[in-house]
């Protein structure tokens, strides 16, 4: 069913649902709402399965890097391990400490989860497989992914725990200071594409050599700075100081258990997928690819970038807070802006292909 | 969540509800059994064996057991190593902070009955079952990683046989 | 703009914390992220080993002292047996001395491998932890082959060793030495040149040599601050003078050097083991010691070089079969005492404190006994 | 500088203060009177010949007739090692703190005070170290004190 669905273009589903409901005499607003709700449900299903797959895949990759097997006993190579985790987390008692900040404590995981989902509205999974092709696509994604800072701060403050507070403060400082190089490295791509819409970005990288990563010299530099800033956005090692297990016990999610913790857990993996999806759309030509269906190309490339992020996690130690800030402001920002100027200059002088 | 506890009461009342309850029970027990996240808690020599069991040769992750640093997210506490009188109340506080379906494995002789050496020591708790309710006792000083793994498998068996109704008091 | 009122707050790196190996509670007064003062509270693993030993015969004390320092428990057995032998003037046969040296050095390597693993884990790199324990399993097999236990061996007894090594021990030991020697390059590859590792370790936690000696710090922590003081050389015991090995010394006393000193020590221990394996003589492995061992009255303080510094036992006997007093001294005791001196007033962040605590390699049974 | 030379040198330079005990063993064991402990300790550390700057071990021991406090010291530069002890009675034993000379003695003295009840005068911060905070059952390491569930091992 999933494969058949994927080959259909999401826009067709929307028009089919709209046409079906239009003649039933419901007011126009309701029809719109229901059809969009249908699209949202499909997207939620796809992403939930994807998040479960990513959690399982990370534990298997970690296992094999560390010369052990990772989950094995639950199904062939433990494929339904994450489903078991999810069922268990469903049953956990919802431990709520009474000294908490009631409203903030409750809504923090929701904000984090919603922020992770909002970014998927204008990510082109395939040819036409895009929920809404906003003409300010990449700008919208950047705006939405910064919601996670608010969620982490709320979690840090709400759980009335010193470790969580430290974790929250650190994450706010980190994500804000890595937002600047990330946006700057994205700008270098936008100069050449001329439009913010994701579909146009993908359209401008039709053939293999027009992929943005091959536009030496600013392409690769932009990709490297983007990936570094992206690992910091997704709170992955070596930038995972908000939930540094060794220092802050469990960082901001120290007081969360059960489904609330599951939301943070899945949001982290979805952030990782979003960040690599953007990397693929910008630098590796989105869903362009010769023989295979478009969405398969996109999924393959994104999983490769996700693999790269996972390799970071299991090989690098963690940076200290001030070194992390120093690295961002003293190294990454100058490099990205220099690269931006270089790209603009080359565009002006016409030395690009 | 609290909701789960009320489910058996309603399902039994509707006709054929017992079948639903037992199948639901099987699914819930399966979920709990297959993903026991253990707390990073080790006091003495057994903690080194716990580390070796978590390492690459005998691997906890195969059973789906991942270590968690905060007691909130852990649902299994492996009391590895001697619990002294000074550490007793701390162990109790840790146990209270864990979320409800929680289990305890008493690993090593010291946590079972004060161990082979400290029976006449003035500062060692003779066994932790009067501090926290213990599910599985793994004897040995320190127990080999294989026996700890066997203890975990027994715990998974015990979790799978739990009844939802009995589960409410736990 | 009125000066912002900042307040120091106290945080409990309590008895249960992922990066305190075992149960040590550090009460940190923090100014934001900076640690102003770290006060250790210990005693969570105080099992009264010394009081128990007064109610046991000499042979029964050895397994109790195994648990005194469970990461290198061979050296605990050895130090007690050495003290008892000195009191009763027992001559240990040659082969037993060689076997003891081999076991002690293997145990030192196992302890340093755990150190490499836990230090890397405390700084966020989880993989070297698994690699370190993978190598350690090789040594565990060797110990299991000879004394049947993986962690607390009860192998070195008064007068020699409990039983001879099985025939396949020597080839397997040579192979383990070869593999571990090769794998050290792996750790250095992952960790030594890693810029993040260098940034986190270099220049942090400087231990001034004079102050370290005054506070009784010994072992790799002292040698990393440039004091060439190794009991195997300076207060020679057993047959260490037969082997040529050099003392691993580094000069600028920071976290990075404490890490490198231990890697060098692993290399030196490998050298000693291969020399000991070559020169292993034949002969019986234990002197004649009566089961009701009654040493003559007297007292002795004996000390050896353990992986965490100087380990000593002060033994008093009054001619009966139970010791009157067994005062044990471990390396971590003084290092934990010395930790607040390093951290006070240097504005280290909590991440640095975790790194310093890891490179001090403090384990709690030595402190709490 | 071998053990014999060390013993001879100490006897000559500390004639009144450090008396040699004949334990008939390799390591020399000296005895010092409680009141000139600090002065002897300072001289041991600062004497150019000896330079005992490293306190290996310090602990009390209850030998049923008397209470002893034993100091084992070593010199990192001169490769020397020496022990000396201090004899105290059972009623309110007190000893000066040697932390000014060897700061390493800090925790040893706290532990000794807690387990043996030997009062240590002008110690920097005398707090209980090992026993639980609410411990009020006397000093456990003394020979006459027995744990509630104490099982005496039968004589062989």
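As written, the chains take the letters A, B, C and D, and residue 1 is the first residue of each chain.
Everything below uses one rule, namely that contacts are C-beta pairs under 8 Å (C-beta built on N, C-alpha and C of every residue); 3 or more make two chains touch, one makes a residue touch a chain.
Predicted model only: the values in this text are computed from it and were never measured.
K.L.:
Please tell me whether B-C or B-D has the greater number of C-beta pairs in contact.
P.N.:
Looking at B-C and B-D side by side, B-C shows more C-beta contacts.
K.L.:
Can you give the whole-Å distance between the Cα centres of chain B and chain C?
P.N.:
Each chain reduced to its C-alpha mean, chain B and chain C end up 31 Å apart.
K.L.:
What whole-number Å value describes the gap between the mean CA coordinates of chain B and chain D?
P.N.:
46
K.L.:
How far is the middle of chain A from the middle of chain D, if each middle is the mean of its Cα atoms, in Å?
P.N.:
A distance of 64 Å separates the two centres.
K.L.:
Taking each chain's centre as the mean of its CA atoms, how far is chain A from chain B in angstrom?
P.N.:
35
K.L.:
By the touch rule stated above, which residues of chain A touch at least two different other chains?
P.N.:
66-68, 245, 249
K.L.:
What are the residue numbers in chain D that touch two or more other chains?
P.N.:
Counting only residues that touch two or more other chains, chain D contributes 130-132, 140, 147, 150-151.
K.L.:
Which residues belonging to chain C are in contact with no fewer than two other chains?
P.N.:
Where chain C meets two or more other chains at a single residue, that happens at 18, 43, 46, 48, 51, 55, 130, 134, 368.
K.L.:
Would you identify the shape of the chain contact graph, picking one of line, ring, star, complete or other?
P.N.:
Looks like something else, not a line, ring, star or complete graph.
K.L.:
Sort out for me which residues of chain C touch chain B in the complex.
P.N.:
14-16, 18, 21-23, 43-48, 51-52, 55, 63-64, 67, 70-71, 114, 129-130, 133-134, 136-137, 140, 150-152, 364-365, 368
K.L.:
So in the complex, which bits of chain B are touching chain C?
P.N.:
Against chain C, chain B makes touches at 40-45, 47-49, 51-52, 55-57, 69, 71, 81-82, 84, 86-87, 90, 94, 117-118, 120-124, 141-142, 144.
K.L.:
Would you pull the chain D residues touching chain C in the complex into a rising list?
P.N.:
Where chain D meets chain C, its residues are 23-27, 29, 53-57, 59, 61-64, 70, 72, 74, 76, 79, 81, 83, 102-104, 106-107, 128-132, 140-141, 143, 147, 150-153, 156.
K.L.:
For the complex, which residues does chain A have touching chain C?
P.N.:
The touching residues are 62, 65-68, 162-163, 166, 237-238, 240-241, 244-249, 314-323.
K.L.:
Considering the complex alone, what residue numbers of chain C touch chain D?
P.N.:
42-43, 46, 48, 50-51, 54-57, 86, 213-216, 218, 227, 229, 234-235, 292, 298-301, 303, 310, 312, 314, 316, 318, 321-322, 324-325, 327, 329, 333-334, 337, 368-369
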